[in-house]
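Letters A, B and C mark the chains in the order given here, with residues in each chain numbered from 1 onward.
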Amino acid sequence: MEVINAQDLSKTFRVKRKEKGMRGSFQAIFHPQTQMIRAVDQVSFSVEEGEMLAFIGPNGAGKSTTIKMLTGILYPDGGKVEVLGLDPTRKRKQLAYQIGTVFGQKEQLWVHLTPYDNFRFFGAVYDLTDSETERRIGELSEIFDLADFINTPVRNLSLGQRIRCEIVASLIHRPRVLFLDEPTIGLDPVVKESIRSLIRQMNREFNTTIFLTSHDVGDIEKLCRRIIIVNSGQIVLDDSMEHLKKHYMGRETLEDIIMEIYQSEGKVAMDS
Amino acid sequence: MSTGVKNQLRVCALSVKYNIMREMLNKVTFLTNTCFMMLNNAAFIIQWLILFRLKGDIGGYTMREVMLLWGIACCSFGLSHLLFAGVFSLPELIIGGRLDPFLVQPKSVLLGVMTSSTRISAMGDLAYGVLVMCVFCFSVKRFLLFLLFTVTGAAIITAFALLMGSLCFWFVRGDVFGNYMVNAMVSFFTYPDGIFNGTARFLLYLVIPVGMAVWMPVHVMMEFDAGALFSVVGFAAGLSAVATAAFYRGLRRYASGNLMEARV
Amino acid sequence: MRKYIVIYRSVLMENLQYAASVAMGFVSYFIIIYIFLKLWNSMYAEPGSLIAGYGREQMIWYVMITEMIWFGARSGAVTRQATADIRGGNIAYQMNKPYHYALYILARYTGEWSVRLPMYFVLAVAMGLVMVGPLSGFGPFAALAAVVSILLGITINGVFKLCISLFSFWIEDTNPFQWLYDKLILVIGTIFPLEIFPRAMQPFLKLTPIYTVCYGPAKLTVDFTPEKFLEILGAQLLYLAVGLGAMFLVYGKGVKKLYVNGG
């Protein structure tokens, strides 16, 4: 079953521009010059239930803008998008019950409370009854090994434990799709590995569809079977990891392959 | 009550409870803050004792009315900052693009933002307001009116701050202007309305809503007037509705907006 | 060239921020003076009447001068910075420099108010002339006396606030004491002249910093007499001497304590 379907999705931003020098400053006051930037330009793709997809690209390529449009935070100004059969623009709340989001550096937990209290709060946000929440916390804590620190205030946890809790908190309502925006940013290799295994486990246990953006090649390589690369708002590659590696045989690492694709202009032609 | 509303209220209540728990984490800081806020408010009694020694009636108020005014002002301000302090930082949230986390939750964005923080000294204001009311002019009827006007006052303060904060959806420097307006409102709160006349009085009733938040309630508590009471309640409801509409109008702009600077 | 543009831009941003906070202060000052103008208008029912010997114009100018001193003397140096230096241990480095730490802080304080005070002065005079009208009986002697006493008053204020901050050598948090001092000045000192208080209280109030920090300068502005000037000048000089003495004493003891116990 298709869980995400985007057709010609587009978003244009208007950016203020200023000519250099004094004259430019005055001009900016009286005749502000703006420039249109197509952050996302006619992007089309679809994702099947249970897939683990890496959505990558250099800074400013349009990754975050795309995630924001898929979750209903931003309205697209062109194209069509459906997530779980719903239009995020018009059914944002309804959709919110079925998706989860983790935005890398942004913390959503109350740090003075324990993970347990935090989970209780998110249970309430997603309309679970107390007994449902309890049951779910028990289940999650067992699967993801949280028992040791579930009653320790979040501010006393290590960074790794904290991120684990951030991710688990977004699972309380059994989302069918999870959007992860740079989940491993700024973590040490050991913690990164444990977060990756958590994500893998979650996909295996609950068949959760994972939509992941990351700059970390390790994340992509170890987690995802499919990769979409965007550059300047357009999809330049959409293929399975396996196929990608076969096509670029002879390159040392995935990082080299990605670098090469980033630097090449336009769409990457690959024979199938 | 529908389950949707009940669930929403449950989330708000939890949010407020957790905020307050955070502020009370350091008991000493919390108590000192509360006590100092009460002392701070009490210090102004001296000012009024001196003024009333000079003249028995200032702008139609005696000491009792001024104390009632302080009671209403402190309680409304305290209640608003205890429950809905998030509204006062709305400009920073909009400008910093930090509304996103509220948008991915299946609950009201507005209530989520409003209940996202609390002000530590709000308890002191609330306690002082109730204390002043009880000491200076207690009667059961007046106390019930006092509770009602605390709620309408808090609604007016919150709604005005929301309306001013929502300006940021449209104007980049809207936060500066909005802050001026909210601070101006608070400055006028503790002075009798009788000293202002003409245009100033008109502005303070209609543009900066000091009149309906505190002055009219004091008049009703001293001399009951059903018409005035309903006009206060109506004004609070009306202003709240307008502010809510403005917020959601702005939010649509935030989501469909194409100005990049606020969003990256 | 690029780097100079970057430097220029960051300084410009800093100054714009500064301009915004100055504007914020101006608006607050304006609103407070406006409220007191209205308040005193309603207190003076009949034109020409006197309250505690002050006419309406004098009373409002009095408040404008005291509030000008209050707004102009706001300072981070004598409060936040001094406390942070002492509590954070930064003072150990400052002590080895070839200057006296307390005087260094006072110099910074002077730098702060010599920018702010003139701005509030312009605002106060403009508001006064437009909203109240010129003061009758204000001449060159009154102006000279006012300037001298305002400068002395604002310096005394800094010395006292720094003395309070210096107690950080012994106690964790001096904020409550700063707060008490501020409240004394703000609630009792800036709003009314001392003559308004009950006669029995006046001798006590004359002993507080209110007399030298706000009352003196404002009184000389609105109601100058040579005798009053000498009296207030004497009190200010005495206060300054006592304040500075206390400051050096407290600082010396604090530093000694630091050497004994380590930083």
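Definition applied: a residue touches a chain if its C-beta (ideal position, glycine included) is under 8 Å from a C-beta of that chain, and two chains touch if they have at least 3 such contacts.
All figures in this text were calculated on a predicted structure; none of them were measured in a lab.
Chain centres here are means of the Cα atoms, and by that rule the chain farthest away from chain B is A. Taking the mean of all protein C-alpha atoms as the reference point, the chain centroid lying nearest to it belongs to B.
Taking each chain's centre as the mean of its C-alpha atoms, chain A lies 38 Å from chain B. Rounded to whole angstrom units, the spacing between the C-alpha centres of chain B and chain C is 31. Mean C-alpha position of chain A lies 55 Å from that of chain C. For chain B, residues touching at least two other chains: there are none. Those residues of chain C in touch with two or more other chains do not exist in this structure. Taken together, the chain B residues at the contact with chain A in this complex read 3, 7, 10-11, 14-15, 18, 21-22, 25, 100-101, 103-107, 255-256, 258-261, 263. Within the complex formed with chain C, the chain B residues making contact are 32, 36, 40, 43-44, 46-47, 50-51, 53-55, 58-59, 176, 179-180, 183-184, 187-188, 191, 194-196, 200.
By the touch rule above, chain C contacts chain B in their complex via residues 20, 23-24, 27-28, 31-32, 35, 38-39, 41-43, 45, 51-52, 176, 179, 183, 187-188, 191-192, 196-198. Across the interface of their complex, chain B is touched by residues 11-16, 37, 39, 68, 71-75, 77, 89, 92-94, 96-97, 99, 101, 103, 106, 108, 110, 112-113, 117, 120-121, 124-127 of chain A.
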